[in-house]
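For reference, chains read A, B, C and D in written order, and residue numbers begin at 1 within each chain.
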């Protein structure tokens, strides 16, 4: 008996049995670029968490003897017009940019996801109403809509996140709607109906788990986008206000000193780019890993 | 075809009306009193109250919106709260610069993006592919305001320091030389986006059965790629590039700011800072209309490429 | 006398489309006796799958009645409907999209039990699953495998096990073998045969392939553009077809018997769209024997000889 | 002057993927005379399509690669030809029609244009001249010539397949390879298309390789039949021999799987048990031995050679050697 059980078990192991998650992870691991993105995100996350330990100076620590000094051993990314250490400000700013990215995307994902899922599941008039409203918002270029919202709410970090978050809602509503709609087309949804499943059972056991993959990909890619939008608004002075070391705001401040202190504008921009790049790399990799058909 | 254009134009109307409502509502519930703004902080309260009455600010919300919409049909968008000039005129002054910039940027983007995308897709897994895709990835990850500053730094500041003259001016507008840097700055992200879409769309099309059919006829690879595949691959590219045009318009606001271009975007930022709501309202509406018109143009272009759509509207 | 397990009367399903009303199912009548198999045959778009879905109320009918065991299932409330689910099940065409890719074989087969809370005890449930897997011919080691690891034939067996786990009386088989290779197809057809005997099942077997249906059916109904054109015992339909469409359909089957040479009837044109059809014989435009009077009146299924129903004015 | 139009010798095609190497075609030997119709039968994954693509050298590379063998077309080895020479053969001397007519035509060009393209390419005439040939070809497959300017989406599946046939035959090829040309079609439409193929084969002196899993289709057009299993030919012979006197255990199982509509006694089907092995994990010896009811000890060690048991009837099985 026992031997038979073990042979069966061995056979099962020999057949490469993997869940979808393991399968995805295996493919993701093979993608060097995606791994690089993931590593960078993890590192950035660590920098944000341990900013106080990593940054040699406080984000608003001014040193009037060292104004607009270029990169040196003490301030290896230079200092700004108030003698603050650019490196420290960027390190502290990572907290802001990452939270902006995650919070705005979460707002868009929850509200947009809810609207999109409702629209897809109920269809008909509900769908029409929700999606037409989303069309209206989408007809206003996103960045400009965010400017309108910020101008109504007043410039501040919180309002910035609200504005960019709202801006993201229609985007997610559309994606989740189409994702749920295409999942709904599968015969296994009908099969679940035939065995007497309730709507809720179908939504939670079949629709959501199967629609999640593309949403995850889009959310990852979207985080990068929202970071750019948010820093753009801060750059225009419509987002985070001084002395907050938001990267876009740092760039904006550096702009005035471009001719005398190039480092002030250069490095915050590099920080934004690297962060957004990391999310894009991971997003692309996830997409390829989740749907190998799309990988070319 | 004409019938199709008319139909699409009509379908734009409810969306635009919806946009006016959303924009009007946002502006309406904004803190701050336009009458005070117009007259200045020191104006006596009675005066302000008279102004509010005159501007219709005491009417119920829907009546105000009705008046606004009614004015819109006569191209009357109200008056700028800072200069007192009609909003319509203010926008009309600034529109050409914005349109020139956007057009230049999109031309640059399509040209570079499509070529890079084709190269990447036809030489999949080679250095060309990897290189093009990495550049494109950098392009979509780069904030354009940073790219703008870096270009000024290199081509105006450093260049001037080294060679003693300015290669491209860092601000102003009017000549082609002025347009070069802004167009590149604004077009880069779009070019990168188009590269990525073109590549994946081409790869998808190159896998299709009809491409195999074309090859089985003995066509050479160039004909297969440029004649049989490209036209099919361009359809999603055109659609996506159209939808993405909104991002480009948004980017133009920042680009105009950096290069001091007297366009709508700069006017928008100024108006927001001075809480000039009527002007903000008008500008956002104008952007939405431009965006919708571009998407209409994209649909028409699509119909021109795809016979399946032409037939529906013969 | 055989008792009717299921009877449908004047069943209709219309779908609104941009071009007009699509008459997917347009006045279909048939019945299935307990323990027998009715083959429902037709080409793509003829409404056969829609009919199958209507029977299980996956779609709500536009008109007509569905009588199961003497009761009209369209009048069932939620509770009765759930009860009905345990008696009538379905096997789907596409073995790839009919199984949730995120569930293992065991989870898929046990889902009906969990939904209907029949086997609350985990152990009993597992035993039941293994039992079903054995009946369906799935090796027990595959209980934790995921659908993407299985080939089409095994996937279809999982679908069959899922349909059987609630001990139903009636199965709608919606083209269950058309996506499979011939030898796998034969294995599955044999399996259906065995299961019918074992569990005393009644089948509605939907297919586009007459030769497949012939193997399993007692009687056959041939559908064309949402209507039944001929409905009789399988040998009558296949060896002495009467309706001109059935005749063409039978003659069109590629034969493997080299000595059985038959005249082949080639129909002109394609199946027309069932949107806003004209109120006369749907086959008129392609019929070789059409007469002027065919266009002048509607035609209904009529019994032309005992047990044989034909919907053709020329035969009635 | 060779009497053989096509001769395939020990053809091997492999697909290299990151999961491993799939041996899709493993040493196929096949001959075809001018004007002859050969049916190539097998189930999904047997390597039929790969063989066909191999003849035209259209196996997608990467991941596919022709790893060995010769394909002699009129005595010349196609595998040694330059890509440019190969292009002159494709669509001209050897044509192919594919399974899915819905996706095999380019949606943005009119059907006439797509046929004319073929003609203008190989006969050095203008597209305009090619269009008149296209009109002719359409008429030949019973589509009104007036429809040359219509686009693929304006045609039904059956008509699209006829367009593809017209396109393939436009340059009077010496060999036509039809890869499951009727599988995607409804039965009555399938009959229309088969009728056209049969008619054309009588009119023009083109050889045909009809690839299909449907033995009924094979019976209609073929003079000889080759049965393929796991990348190898297990049995090949004249139509009647294969249909009435098949010898290989796989062929027996295959025929046992087919519901024969003319067989009035509804007997049970007798398919081979089990599944075709994955091309990545082919068993040692005879690829069929794990499923073979007659398997001997030898079968798992050695690969059987093809043996001629009757004139023209070859079987690869140790039962006959």
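A few comments on the model shown:
Simple rule for what comes next: a residue touches a chain if its C-beta (ideal position, glycine included) is under 8 Å from a C-beta of that chain, and two chains touch if they have at least 3 such contacts.
Everything quoted here is computed from the prediction, not taken from an experiment.
Annotation of chain B and chain D: not jointly contacted by any chain, touch as defined at the top. Taking the mean of each chain's C-alpha atoms, the chain closest to the overall C-alpha centroid is A. Summed over C-beta pairs in contact, the chain pair with the top total is A-B. Between the CA-based centres of chain C and chain D the separation comes to 32 Å, rounded to the whole angstrom.
In this assembly, the C-alpha centroid of chain A lies 50 Å from the C-alpha centroid of chain D.
If you average the Cα atoms of chain A and of chain B, the two centres end up 23 Å apart.
In this structure, the chains touch in the following pairs: A-B, A-C, B-D, C-D. Chain C meets chain D in the complex at residues 43-44, 151, 153, 181-187, 189-190, 193, 208-212, 214-215, 235, 238-239, 248-258, 260, 264, 266-267, 270-271. Remark: chain A residues 132-133, 135-145, 147-152, 154, 224, 228-229, 231-232, 235-238, 248, 251, 254-255, 258-259, 262, 265-266, 268-269, 272-273, 276-277, 280-281, 284, 294, 296 touch chain B in the complex.
Within the complex, the chain D residues that touch chain B are 56, 58, 84, 86-92, 95-96, 98, 100, 103-110, 117-118, 121-122, 151, 153-154, 164, 167. Put simply, chain B touches chain A in their complex at residues 14-16, 18-19, 21-23, 26-27, 29-31, 121, 124, 137-138, 140-143, 145-147, 149-150, 152-153, 157, 200, 203-204, 207, 245-247, 249-251, 253-254, 257-258, 268-269, 272-273, 275, 280, 284, 287-288, 291-292. Across the complex, chain A is touched by residues 53, 56, 58, 81-82, 85-86, 89-90, 92-94, 97-102, 111-112, 115-116, 140-141, 144-146, 148-149, 159, 162-163, 166 of chain C.
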